[in-house]
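One chain, chain A, appears in both complexes that follow, with chain B as partner in the first and chain C in the second.
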Partner chain A sequence: MSEALIDIRNLTVRLAGGRDAVLVDDVSLAVGKGEVLCIVGESGCGKTVTARSIIGLTRHDPRFSLSGEIHFEGRDLMRLGADELRQVQGAGIAMIFQDPMTSLNPLHRIGRQIGEVLTLHGKHSSTEIRRRTVELLRQVGIPNPETRIDDYPHQFSGGMRQRAMIAMALACSPSLLIADEPTTALDVTTQKQILTLIKKLKVDYGMGLILITHDLGIVAEIADRVMVMYAGRCVEIGAVRALFRTPQHPYTAGLLASIPAANRVRGERLPSIRGVPPILSEGRPQGCAFLPRCDFALGQCRNLPPLKASGAETDHLDRCWLTPEVKNQTLRRLQEGAQA
Partner chain B sequence: MSGTPLVRVAALRKYFAVKGGWLGGRRGQVHAVDDVSFDVAAGETLGLVGESGCGKSTLARCIVRLVEPDQGKLEFDGEDITHRPTRSLRPLRRQIQLIFQDPFASLNPRKRISQIIGAALDLRDASISRGDRQAEIARLLERVGLAPQFMDRRPRELSGGQRQRVGIARALAVGPRLIVADEPVSALDVSVQADILNLLKDLQAEFGLTVIFISHDLGVIRHVSDRVGVMYLGRLVELAPADQFYAAPLHPYSEALLSAIPMPDPDAHLTRKEIVLEGDIPSPLAPPKGCRFHTRCPYAQAVCAGSEPTLSTQAGGRLVACHFPLAKQESTGR
Partner chain C sequence: MAIYLLVRILGGVVTLFCVSALAFFATALAPGNPAAVLLGNLATPERIAAVTEQMGLDKPLPIRYAIWLKEMLQGNLGTSNLSFKPVNDLVLAALPPTLELAALSLALAVVIAIPMGLILAQNRDRWWTRPLSGLVTLGISVPGFWVGLLLIVVFSMTFKLLPSGGYVPMTRSVSGNLRAMILPVLTLAIYLIPSLVRFVRVTAANVLREDYIDTARAKGAGAWRILLQHVAPNTLIPTITYIGLQLGVLISGAIVIEIIFSIPGLGRLGMNAVLNRDYPVIQGVVLLAATGYVVVNLLIDLAYSLIDPRIRTR
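On to the complex of A and B.
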C-alpha cells in the first residue's frame, strides 16, 4: 500500500443522550487503491455503524455523536458541510447494503433509480443516461439489459437486485466502495456469483473496497487485510494470511476455531466461545471487553490493552496483553486444531 | 441400517396453488416437493441441504405433518401418517418435534419461559403435579444450558442463542423420538452457533434421538450429519453417506454447491476447483423440462433437456439423479 485512498483516524461513535454507550471506540484504519479491507465481527460489534459513519450516513442522525478524522482525497470528511458531503457520497465513495429489496424503491423502475445517481452527479442528457444505465446493467451481468432496465424491483430475483444495487454504486465510478454484508441475504451459489463480480469490478474500476461481513469464509476469499471488531473496538488488524495463520487475539482464534467448515474433519465437538458479547448500548466490561469470555485472562486484563504489533510483522496489530510466546503457541494451536 | 426405518418417505409430493391470477383464479402451482423418497434409520442424522425454494422447509413441514402431502406415502415407525386427520395427530406430536429457524418468531412473546415449556410438558403428561412440573421445567432448562431463573423471564429478555435453547428444551419436553430441525442455527452468530450444534449433538446421543437436520450451510451439515441429501427445485438429486459426499460429490449441482461455500482459508482457492453457476435458480412455479438443473449445469448435454433422470443407485450404493454423474477422480469439491 503506497498511498492510502482513505485514512480514518480515531473514529469514535457514541450514542447521544448522555448515556455512556460507545458504539465505535477509537477505530483507525486505512485502505489503499485496489485494496480490499474486510471488517468482521458478530452482530452488535459496531461494524455497520463504522461503515455508515465512513460514508457519513450517521452524521446527521441525532442518535449518534461522532468524533475523529476521515481523510479522503485530500479532505477531512468530518469537516465537510452537508452539500459537500453529498458530492462525495455516491461519486467518490459508494455503498451497497445487505438487503437489496429494502434498499431499492419498489415504486420506481430499476433504470430510473440508477439514472437518478447519474443525474445528481453530473449533467447528462436523458438518452445518454439511458445508454450508460444499460451499459452498467450489462457490466454487472444482467441479461437483456435493454429490456430489463424498465422492470420494477419485484421483477428481479434477489441476486439480480443485488447486481442492480452494485450497478447503482458503480454509476459514478467511485474510488472507494463500501459493501455491508452484500451477500448475506443470498443463496450460496448466488453469493459466489456476486463475490466473483465484485472481485472483477474492483480490478476493472481500480477501486478500494471495504467489505463488512460476519463470514470468515468470505474474508478468506476476498480480503487483502482484515480488521476484527469486538464490542466496538478493533481487537486485531493485519494481512489476511497472517491473521488466519497466526491469530494474535484469543477472540480471533476462537472465532476461527468455531466455524463448522466443510473442509474440516468431522469432530465430536466444535470449540466454542462461552458466553455472549456485551450489548453496547448497556455498557461493556472494564478493560478488555473480551475478558469475561476469555480462557487466557490475566489480572492485567482489567486495564485496556493498547493496539500494537506483537508478532514479526509490524502491520499486524492486536489489542491483547498476552505475551507473544503465548499468542504464537497457544492461539496458533487452537487455530490449527480446526484445520487438522 | 437394519429393521424398519423410523421414517420412510416414498414418492412424496406437495404442490401449492398460487392465487392472484385473472379474477382471483389460479396462476399456477409451486412444485415444492416433487416425488421425493428416502428412509431415515433410528438414531441417524440425515442432513438435507439446498438453496431457497428447493423445498427443504416444505419437506420438513410434511414430515412433522404441519402440512398434508398431496401424494406419496409418509411412514413413521411403520405407520402410515400421510393423510392422518389433524384431530388424531396429537399422539404423533409427542413423537415428532420441529425446531424452527427463527428463535424470535417461534416463541410466544406474551408467555413466560415456564409457560412455553410447560405447555409442551402437558402434552406428554397432563396429570403431572404442579411441583413435579416446575422441577421438570428446571431440569430441562438446565439440560440445555440455561439457569432455572430463566423460567420467569419472557422471550424478549433472551438473546438469540438463549431463545434457540428454549426452543430445543420445548421440543425435548414431550420426549420425542424424531427431531426435525429447520435451519436451527442460521440466525445465530458463529460463536453461539458452535454451542448450539454441540448441544444438539449431545442431546441426540443422550436421548437416542433421530434427527433430520435442514440447512443451506454445507459446513454445518457436515458437522452433524451421517448422511447428506441434496435438494434442487423440489427434487432430491443426491443422497450419500456424509464422508463420501464431501470427498466426491456425484451430482454436478452438489459439486457446484461445495465449490461455492467460502472456505475460511486464504489459500483454499489454490487447491479448489472454481465453479460459478450461470443464472438464477428457475422458478419452482415452472421448473424446467428434463433435468431441472440442466439450465445451469456446466456438463449438460442434449439428453438432459429432454428426459429427467431418476434417483438411481451408483457403485457403492450411492444415489444420484443425473444422466452423467461425476466420476470420482474428477471432482475436487472437498
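On to the complex of A and C.
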C-alpha cells in the first residue's frame, strides 16, 4: 500500500444510553489510493455500522457514541463539525447502500436526486448539472439517459436503480467509495453486471473502494486486501492472497472452508461454522468472542488476543492466541481439505 | 390515471346514493309521527290523519323514497315541517357560516400542525420535544368545547375583547365577520391540531427512518434540507389522506362549536331539526354534509394523483 487515502484508527462505536453494547470495537484500517478493501463477516458482526461510521452517518445519530480517528485527505473526520463533515460526504467519500428499492426518494425524479449531490457540492448552473447527470447515467449504463433522467424511481428496475445510486455516488468524483453489499438485493445476472460496473468505474475514477460483501468469490475477484470482522472486531486483516492462502484465524479458515467450490463432489456436506455469532446489542463473551464456536480454543482465549502479525507478511494481522504452527498448518489444511 | 379517477368518482356517487337512502330511511323509520309533532297540542286523530295524507306519509315507504329521491335529484330538498320554508333556502343560508368556520379552522390547524409535527419528529431525541409531545397527548384527551368555553371566559367575559358568539355575514362587515370568527375558529383549530400533530409526527418519524433519508445524508444534505425536501413531501402524502378522513371529525366539531358560539350554521340547523323532528331539514343537512365529505375526498384523491408520481405516471 502506497500512501493511505483513508486511515482509520481505533474506531469504536457503542450504543448510546448506558448499555454496554459495543457494535464496533477498536477497528483500525487503511485504504490506499485506488485500493480495494473488502470487509467480510457473518450477519450482525458490525460491517454496516463500520461503513456508516466512516462516512459519518452515525456521527450525529444520538443512538450511537463514537470514538477513534478517521484521517481522510489530511483531516480527522471525527473532529469535523457537522457542516465541514457534510462537505466531505458525497464529495470526497460516497456510499452505495444495500437495497436500491428503498434507497431512492420515491417522489423525486432520478435526475433531481443525482443533481442534488452536484448542487450540494457547489454546482449551481442547472444546464451544467443536467449535462453532467446525463453523462453519469450514460457511464453507469442506463439506456436513453436523456429521457430516463426524468423518470421516477418506480419506473426503474432494481438493477437500474442501483446503477442510478452508483451514478449519484460518482457525481462529485469521490476519492473513496463505500459500497455496503451493493448486489445482495439483486438477481444473479444483475449482480454480476453491477459488480463489473463498479470494478470498471473504480479504475476510471481512480477511487479507493471499501466493499462489504458476504460473497468470498467476489472478494477473491476484486479485493486487494480483506478485513474479516467478528462480533464488532477486526479478527484478521491482510492482503487477499495471504489471507486466502494462509488464514491465521479459525473464523477466517471456517469462512473460507464454507465456500462451495466448483469441483466439490455433489451431495457432500459443505462444512459450516457451528453456532451463531453473539448479538452485539446484548453484549459479548469475555476475551475472544469466537471462543464458544472455536474448535481450537485454549485456556488463554478467555483473554482478548492482540491484533498482531503471525504469518509471513508483516501487514497480515490477526487476533488469535494459537501458535504460528497451528495457524499455518492446521488452519490451512482445514481450508484446503474443504476445497479439495 | 383516467380510469383511476373514474373509479373514484363512481365510488363517490355510490357512497352518496347509500347515504341518501340511509338519511331517508333512518328518519322515515324513526318512531313518532311527524304529523303529530307538527300539530302539537292541536292534534286530534282526524287532523293527524289529514296532515299525514297531505304530507304523503300514508304511502308505502318505497314509493315515498322514490318520490323523495326524484325531488332530491331535481335539487328540491322539500319543505321544513317547522317553518314551512323550503329546505333549500334554509340550508343555503346556513352553509356560509359553516363553510367559513370549517375552512378557516382547518387552514389554521394545518398551518400550525404540519410544521410542528415535522419539527417534533426531527428533534425527537431532544429533551424539549418531550413536554410538547405531552401537551399534544393532553390536547387529544381534552374535549374540544372545553377550550372554547375557556376562551369565551377569558377573551369575551373577562377582557371583553371579542364577541362570545353570533355571526356577522362577510357581506355586511368583513372585520365584524372576522372578529366574530376568531374564537370559534381558534376553538375548532385547537380541537383539530393535537391529533394532526401526532399523525404528522409519527409519519415523519417513520419517513426519517427510510433508507433514502440515509442516501440524502450521505450526499451531504443538511438537516433542514432533508426535512423540507425529503421528509416533508413524503409525510404530506399520507397526511392529506388523513385530513380527508378527519373531515367527519371536523364536521362534528363544527356542530359543537356552532352551538357553543350560537353560529347559525348547518350544525345548528341540523341540531334544531333533530330536536323538532323536522325530517326534511335533517335529510337535507345530512345529505349536504355527506356530499361535502365525498367531494372533498374526491378532490383529495385528485390532488394525491397529481402529487404522487407513483400514481400519476401509472
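Convention: the second predicted complex is superposed on the first by the 335 of 340 C-alpha atoms of A that agree within 3 Å, B and C clash if a C-alpha of one lies under 4 Å from a C-alpha of the other, contacts with A are read in each partner's own complex, and residues count from 1 in each chain.
Methods note: contacts are C-beta pairs under 8 Å (C-beta built on N, C-alpha and C of every residue); 3 or more make two chains touch, one makes a residue touch a chain.
If you're wondering where the values come from, they're calculated on a predicted model, not measured in any experiment.
Asker: After lining up the shared chain so the two structures overlap, which partner does A:Phe97 touch, if you call chain B first and chain C second: first, second, both or neither?
Answerer: second
Asker: Chain A residues in contact: does chain B have more, or chain C?
Answerer: Looking at chain A, the partner in contact with more of its residues is B.
Asker: Identify the partner contact of A:Gly254: answer first if only chain B is touched, second if only chain C is, both if each is, neither if none is.
Answerer: Only chain B; A:Gly254 stays clear of chain C.
Asker: For A:Thr184, using the defined touch cut-off, is the partner it touches chain B, chain C, both, or neither? Pick first, second, both or neither.
Answerer: Neither chain B nor chain C is touched by A:Thr184.
Asker: Could you tell me if A:Thr12 is touching chain B, chain C, both of them or neither one (first, second, both, neither)?
Answerer: neither
Asker: After lining up the shared chain so the two structures overlap, which partner does A:Ser28 touch, if you call chain B first and chain C second: first, second, both or neither?
Answerer: Touch partners of A:Ser28: none, neither chain B nor chain C.
Asker: Looking at A:Asn328, would you say it contacts chain B, chain C, both, or neither? Reply first, second, both or neither.
Answerer: Touch status of A:Asn328: no partner.
Asker: Residue numbers of chain C touching chain A in their complex, please.
Answerer: 125, 210-212, 214-222, 225, 229-230, 233-234, 237, 307-310, 313
Asker: Across the complex, what residues on chain A touch chain B?
Answerer: Result: residues 42-43, 143, 157, 159-160, 187-193, 195-196, 214-221, 223, 240-241, 244, 254-256, 258-264, 266-274, 276-277, 339 of chain A touch chain B.
Asker: Give every residue of chain A touching chain C within the complex, in rising order.
Answerer: 52, 55, 57, 62, 82-83, 86-91, 94-95, 97, 99, 102-109, 113, 116-117, 120-121, 152, 154-155, 165, 168
Asker: Within the complex, which stretch of chain B touches chain A?
Answerer: For chain B paired with chain A, touching residues are 51-52, 159, 161, 189-195, 197-198, 201, 216-220, 222-223, 242-243, 246, 256-269, 276-277, 279-281, 334.
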